[in-house]
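Some structures to go through are shown next.
Below, chain A partners chain B and then partners chain C, in two separate complexes.
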Partner chain A sequence: MLLLPQALVDGLLIGGIYITIAIGFSLAYGVMHIIDFAVGEWIMLGAFLGLYLSQWTQVEPLLLLPVVFVVFAVLGYLFQPVIHRVLSGKKGNPLLMALVFTFGLAIAFKGLGLTVFGFFSRSIPSAMAADSFTFVRGDFFVTIPVIRLIGLAYAIAVTLALSWILKRTDFGLAVQALAQNKEAAGLMGISAKRTNSWVYGIYVGISAMSGVLIGCMFSISAQMGGKYTVFSFFVVVLAGMGFLAGVPWAAFLLGMVQSFFLIYFDPGYTLLAVFIILYAVLLISPKGLFGKGV
Partner chain B sequence: MRRGIFAFWLFIGLMAVVPAFVQNAFVLRIVTELFMWIGLAITWDVMAGYAGYLNFGHGAFFGAGAYTTAILMMRCGWTFAATLPVAGLLAGLAALLAGIPTLRLKGAYFAIATWALALAIQQLALVLDITGGPDGMRLPPFLHPVFFFYVMLAVAAVTFLLLWLLLERASFGLKLKAIREDEAGAMALGLNPARIKIQAFVLSAVPAGVLGGIYAFWITFIDPASVLADIITDQAMVMAVFGGLGTLLGPVIGAIVVFSFKTLFWAYLADYQVLYLIILGVVIALTVVFLPNGIWGTLTGQIQARNALIKGMAIDPAQGRHPEQGADSND
Partner chain C sequence: MKSAFAIMSWMLVALFLVLPQTAAAQRDYYKVGVITSLSGDLATGGNVTKRGYDLWAQTVNAAGGIEIDGRKYKVELVYGDAQSKPDQGASAAERLATQEKVDFVLGPYSSGVTLAAAPVLEKYKIPMITGSAESPMIWLQKFYYTFGTIPPVNYTGASPVETLAALDPPPKSAMILGSNDTFSKATAEAFQEAAKQAGIEIKKFNIVPAGQDLMSFMSVAKALKPDLVAFGGHDEELINLVKALLQINYTPKALLMHYGVTEPAFVEALAKNAEQVYGASVWTETVHAKGDYLWADAAAYAKDAEAAFKVPADYTQAGSTAAGIAFMAALGQIKAAPPLDEAEREALVKALEKLDIQTFYGRLKFAEEGQFYHANIGLSPLTVQIQGGKPVIVGPPSEAQSTPQYPMTPWEKR
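The block that comes next holds the complex of A and B.
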């Protein structure tokens, strides 16, 4: 029982990071109806860019987040036309083919990561990593590492920025229109091609930035992608596919699952628990916890 | 059709006499493994090509079968032959359980769930005691390459024949294709899509489990990093996609091409093993963009188009959507 406050706080803090690995993904699904199997691989590539940049420039990795975002947003923007071509193909089942395509990408990125970065785990050295606050009241105590607090703050900032863009700008209006009805949006003069490219760029940029934060908190390796792909799938399915407002709650739930397994059970069972919850949700309420998925 | 049956038996007959002429253990091993991959590729294609649902956890059924055989032989003292039906049954049961909630939904959910299932089973094998955890399991060595050659050949051939009968001869294949093309329409015709898809999923998982069981006894050592690795699904998938989805021969041809390439790559460029992963991924991505019907689908599409041209028949462009009718699908 003494560890209960710690478990809750940890879950909240880890959950923050899971918001950011899933929110861009959910946005991309909502607009383009594409499941991107390479999501974990984008996170991995972003993390390594952060690692090498901070080693090279000797700058605090957290200050490099905007640089990583811009690099990967441009990459994603330039990459999207290929996916668009697959998705708008007339042969076979385009959605199926797009899934196969992103899966192939994920394999290729993983191979690329293993070739360039090797098999070893590393972590990104941040000046904030060592500090923490400790609160003690009676027998209870809570330790909050500064870096995780920054992670949560970053997650909240990204979520707010994204919701501001979607609700308050013309671009956001275009994105929403596209998600609701592609043909009608096209008739209103919205270029699906260009808007999708921006959405994909934003999603890839956010995922890559989250990779850097993950690298500051935990360790990174070329094989890390698969695990984060499953986590972001989990969050997105629980939230309801494409339902952005559900993402934070599902992410916090995943954070809680992880921290409780770490403290009270065997962390080896975390992925099993994740699958069982996913299974139960698909069985009972496939449209997510809030029933608002598409 | 008659020619097809003839070619099938000719191929089996030719393969059956291979061990009489080839004494080289390495070659036998390669061909045995090729049969295994043919089996995995065609069963993966049942879901992807015929039902239109992508199974990203095919390797999990293979691994579950391998572990079933290993556990029954080592912990319960069963004989090898007795474990194979159980390996297949267990893989089928896993498919049934995973399919019930997910196959009612859109393909995206199924893809996610099978991928998560594969990771969960991998994790389970790592933490359980009965599977030996990360150390894996050792089986009693049984050094008869020819025996395994015939067992793999038999299972792969029976699987192929069964799938051919069910998917190309019986109405089951037509029902699956109807659901793939238009689920609401298929329902209006009185079909039960969820049930048919679950049947197809179990049908694709059972042979994978049996092949896994044989593999465990053949290689005599299994661990999560070998029989439950992602690369098994990845490879079966690239074989089927590259060969041609929605056909039975496509994945077979894809398996032969990809596996030959892999063997050569491993033999001559073993220092660059991770490069293989890059090539695999790039091949999948490029095939999707430039050759969505695979090599076999494109080839048959071209032959059909030429025959149609010769006969002076008009081709309805709308029919070119399916790989097996792909008259206009060869750009």
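The block that comes next holds the complex of A and C.
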């Protein structure tokens, strides 16, 4: 019981990390209908850019987030036409081909990472990583690590920013139109190719920024991508594929499950519990928690 | 015409089947299979073992090769990537045995992969020495063809707990956890057993999923306030545990891990926060070991390793190089030139069982019976602590090069 406040706070903070890794992934799926298995590798590449940039410039890595975003957004924008080419093929099953393509991309990026960054685990040194706030009342205490709080704030900020862009800007309306009906959007003068490039750029940029944050909280390595791909997939499926507004709630739910299992039950069964909840939700509501997925 | 074509085809097939055997029969070098994880979650350790094996092969070949009856035979390493997965390790063993027809094998990084590869090599009767697999389960299987240069964790794990228990005042309580893989679980169990023996109260013992975010679990540590937090895990997980303790702002009096703290990456990733973390090892570059093969002592090996790879050598790399030396010494004793046939491979196993040599890594002596069957029991378990950015031996007293720093300096005062 002493740890109840801490379990609740930890659940929120873990949920914040899940939002950061899944929100871009959900956006890309919602618009392009592509399951990008390389999401974890974009996170890994972003983390390493953050590491090298902070070492080179001696600047706090969190201040470099905008730089990492711009670099990877441009990369994603330039790279998207390749995926578009696979997706718009006339022969075979383009969706399946895109799936295989991103899977191959993930393996290629991982190999590239191993060659360029080496195989050792690294850590992004942030001045914020060791600070925390502790609140004590009697036997109860709550410790809030500053870096995790920043992660949660970042997750909420990105969610709100994406929500604003989608609802309040012409670009956002074009994105929504494309997500709903590609042909009709085209007839209204929306360029699917260019809009998708921007969406993919934004998604890659967000994922790369998340990588820097993750690197401040955990270790990073060229092999780190796989587990983040799995977790972002879990969150997005639970939220409802492509339903952006569901991502924070799904992420917080998974965060709470994980936190409570680690603290109150057997930690060995944490991932099993996460998977059982995912399975149960999909059994009752195959389109995610809110029934609004694709 | 059709039958002539068929005959030609069959002749070609027969030729292809015969050719490799002919090549093998004429081979004047040792073909050495290496199974290790060059990719996947365990790529760090896998590549460190590769460095150890490569350095052995380069040094042997630079000296002309392994001497048998006055003639020197070079060694050629053939790699099989286990991809950090036991099933891939078994496939690699199958390929090295049946297609590459290797003479002997330098074994995998990690116990899980070793446990999968060993039965395959038993089937093909190919000797293997693993340079880095430490689960006691491997040796309880009593694989006839499998040996290991690094002692199992239940042989070494007690050492740091005993060193801590001998402090004044000693830690009174502990929280012990291990990651859910063969080696890490065994490490946590070894810590648990040693703590019980030392009279340290165990407040919590858990096995956690590999790669788990441990911040919430460290909240439990903060509430229970154990003097000692002991963790069995691999390099990435060790770094994450220290970061979780930092974030939750709890500094135990002692933080104990195992071999992983001696990997240079641990100190590089954590810098000042790696200081005062305890570990167990059997080798550091400062250990007093005099060698009769290739390197005169630990320092000479460390110097060559640093020159070759530009990073300090750790126990994994040294243990892997020592695996090559063990084969070299045993081959010299049985005087078997390449390629080795089944009888010679059997003789090689017998020679390995009787081997008792001094190397830069320390004494190599494989157990011939009991729970450590075919594991190296020639070494003394050491307690190390990161001091001044390097692993320093702090126990047992007979080997100590510095005194243990206890309790740990709180994170915020570093």
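Definition applied: the second predicted complex is superposed on the first by the 285 of 294 C-alpha atoms of A that agree within 3 Å, B and C clash if a C-alpha of one lies under 4 Å from a C-alpha of the other, contacts with A are read in each partner's own complex, and residues count from 1 in each chain.
Throughout what follows, a residue touches a chain if its C-beta (ideal position, glycine included) is under 8 Å from a C-beta of that chain, and two chains touch if they have at least 3 such contacts.
Bear in mind that the values here come from a model prediction, so they are computed numbers and not experimental data.
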Q: Please tell me, clash or fit, for chain B and chain C sharing chain A in the overlay.
A: clash
Q. Touching A:110 in the superposition: chain B (first), chain C (second), both, neither?
A. both
Q | Which of chain B and chain C A:164 touches, first, second, both or neither | A | neither
Q: Return first, second, both or neither, reflecting whether A:143 touches chain B, chain C, both chains, or no partner chain.
A: second
Q: Tell me which partner A:271 touches in the superposition: chain B (first), chain C (second), both or neither.
A: both
Q. Does the superposition put A:135 against chain B (first), chain C (second), both, or neither?
A. neither
Q. Just chain B (first), just chain C (second), both, or neither: which does A:52 touch?
A. neither
Q) What is the contact status of A:14 with respect to chain B (first) and chain C (second): first, second, both, or neither? A) second
Q | Touched partner set for A:100, first chain B, second chain C, both or neither | A | first
(Q) Given 3-11, 93-101, 147-155 or 381-389, which part of chain C has C-alpha atoms clashing with chain B after the fit on chain A? (A) 93-101
Q: Would you tell me the residues on chain A in contact with chain B in one complex that are also in contact with chain C in the other?
A: 110-111, 114, 227, 266, 268, 270-271
Q | Touch list for chain A against partner chain B, complex | A | 29, 35, 37, 82, 85-86, 89-93, 95-101, 103-112, 114-115, 226-227, 229-230, 233-234, 237, 241, 266, 268-272, 274-276, 278-279, 282-283, 286
Q | Contact footprint of chain A on chain B as seen in their complex | A | 48, 52, 54, 56, 98, 100-102, 104-105, 107-109, 111-113, 115-117, 119-120, 123-124, 126-127, 180, 230, 234, 237-238, 241, 245-246, 274-285, 287-289, 292-293, 320-323, 326, 329
Q | chain C-touching residues of chain A, taken from the complex the two chains share | A | 2-3, 6-7, 10, 13-14, 17, 110-111, 114, 119-123, 125, 129-130, 132, 134, 141, 143, 145, 147-148, 217-219, 221-224, 227, 258-259, 262-263, 266-268, 270-271
Q. Touching chain A in the complex: which residues of chain C?
A. 39-41, 43-44, 46-47, 177, 180, 206-209, 211-217, 219-220, 222-223, 235-236, 239-240, 243, 246-249, 263-265, 268-271, 273, 411-412
